[in-house]
């Protein structure tokens, strides 16, 4: 059974319909990319899953219906790293991480996970008490990811991780994501404009167009698909 | 605006005027004085709407401008023998000047800070009035009963052909409502003027408005000034109807009442604001009619106000807009 | 000199009360963006509840803490039943609701307790100490002590507990908080409950100093509390405390030493604050919000 299943999911912002029936799946320990142009509905898809936007249709996590409210979805073990990162700018780095772990059942695991986090983000230790808003863009993105990791989620939703970041940082980000997934058995659904990077680091992908799934397949299949290559990969 | 819509507005206004003119013939003398007070509040709330409805500034201090207008009239009539009617526009102008003087520096303050600054002014007003007793007559206030300049006297009686007797209260009623209707028409004109459109642009998106060349400072200050003018006129009429002014007539409650009237009438509406004014005059009475036990009328008033805001967050005007939605902007200026 | 210090100490005591109520106002403003004009009346109502408990024979500190508990529940209920319904409305509507609450609570107190003057028991002895020539009232020390204790407890709650962190997060960034599993609406209710507790303490501390009190006890205190909150910065808890103390001290000194202002204490304070706002439009410790378009 797939970890996450979306069946004909629709979503609207007021009177504007953004998703016209999205169907996708994420399996355990899998990274799935969501590609597409601006306005295709990629961010909305993640919002539909985390409950941040009103949606209808079939949304199953572990075979059970996803609840409506974002709080409840988070407590089930789905971590959403949103566009804009959601940093608590006035709080310290340490407090941001503590918030990440807020919904966890096993509070005692926090210390251990924090140690593990430091291996991937060594700079965190020095910046513990620094105000999160003073971090650079790349650092805030990594902090956002770290916050999500602290929740020990079963599924992590990442929205445009590469936005505004230098290629080297982007690579680091994806390396960390991959490492954490391998270590802790997480799955990830990654929305990315940068299709090359995304496909490089995922097993499967979906290409969205105008609120629907246009193409789907394994990363290799997508890279081999001529129209996908021309429209999104640039060659 | 199309000729058709304009014609509809004119007809609507004519109807409004007709009702106002005819009303005293159908109601008692006492009621006429109540409706005169409604007219006064209507004027003040119309002014407050220019400020809050367009710039979003919440003012808890417009009672101070009313006090300024009232005392201007009182001092001019009592100490300088001026005719009361001429003092009304003067009171408005003085209040407008004060509004501009306050409005300009106030621009630096954002929402809640500005609201609290105006609250502070409302609180300070009766105290300051009492302190400068040389000018204001202190706690005793100023009495206008013996003044020469008063036009309508309590003994005023006119018998019309047809038998209707117009009393002093009717005189007050027609006086206040003449001003109310005139100022209502002006408010409507402002709404449809370029100035009004600029103000609405500021309200909807200050940064964009500023970027498109609308000078925020002058517009906001002018809005403040206009709202103060209205409040000043209302205060002046209050002094004339009460034949006196005292500091006790301008407690914080009065400023707060204006805000309540605006909320109940409906921010951004025009004619429905009269409903807000009516609420201010009738509800306390109605609550007292239910029970005179200490505190109970206040409980009723407070409960009704809360319920109204929950059910009609946009006031009577908002309700009417919702009902008339399909007919869109036929009868009420859309804001 | 000793005279001045005396005024300063009693100024700190009255300032402590303003600080507590100002803290309540800031707490609610920070978490829900609402200026709660009914905060004073809520505190007044709590004070009457305390009086009622004492009148029925409950020992002082028992009544004190029971009142705090009842006030907490009251604050939560008000948020859930009244404020929540209008939380998404325009500012004018929300302000009007708090005004309605103010009127209702004042009336309810007048109705239940018949508008008669009551006296609240003073937990502190009425002795005075002399320290280096300065005469200090035990009552003032008591008020300062209790205020300080409450502020410290609150500080510890917000800075050192999980729920406190969640409350702060919910106030700063409700959307992001939700994504981390924080039940933001519960946090808001919690904020109102805590604010009600702060107000209750303020009321219980100030009532004995007035000799007797009625339902109009907190109206002037509310005004000073707003002034203190504005002075310190509406989104700064530290500002509320500092603002309250500074205001208390300044008011005392001005009232004692400047004759012209003796009966103009309130307008003088307000003028002072308006002046400060011109220089620092967001109060002493407030932050200006950068607006993104």
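By written order: A, B and C. Residues from 1 in each chain.
Methods note: a residue touches a chain if its C-beta (ideal position, glycine included) is under 8 Å from a C-beta of that chain, and two chains touch if they have at least 3 such contacts.
Treat the numbers as computed from the prediction; the structure is a model and nothing was measured.
Colleague: Can you tell me which chain pair comes out on top for contact count?
Modeller: Result: the chain pair B-C has the most contacts.
Colleague: Please indicate the chain closest to the centre of the assembly, with centres calculated from CA atoms only.
Modeller: Answer by centroid distance: C.
Colleague: Just curious, how far off is chain C from chain B if you go by their C-alpha centres, in Å?
Modeller: Whole-Å distance between the two chain centres: 33.
Colleague: Indicate the whole-number Å distance between the mean C-alpha point of chain A and the mean C-alpha point of chain C.
Modeller: Their C-alpha centroids are separated by 43 Å.
Colleague: For chain A versus chain B, what separation do you get between their C-alpha means, in angstrom?
Modeller: 55
Colleague: Quick check on the complex: what are the chain C residues that touch chain A?
Modeller: Residue list for chain C touching chain A: 162, 165-166, 168-169, 172-173, 175-184.
Colleague: Using the touch rule from the top, collect the residues of chain C that touch chain B in their complex.
Modeller: Chain C residues touching chain B: 29, 35, 82, 85-86, 89-93, 95-97, 99-112, 114-115, 215, 223, 226-227, 229-230, 234, 263-264, 266-267, 270-271, 273-274, 277-278, 281-283, 288-289, 291, 293.
Colleague: Please output the residues of chain B touching chain C within their complex, sorted ascending.
Modeller: 52, 56, 58, 105, 108-113, 115-117, 119-121, 123-124, 127-128, 130-131, 207-208, 256, 259-260, 262-264, 267, 293-303, 305-306, 309-310, 313-314
Colleague: Spell out the part of chain A that touches chain C in their complex, as residue ranges.
Modeller: Interface residues on the chain A side: 50, 52, 69-71, 74-75, 79-80, 82, 86-91, 95, 98-100, 102-103, 147, 151.
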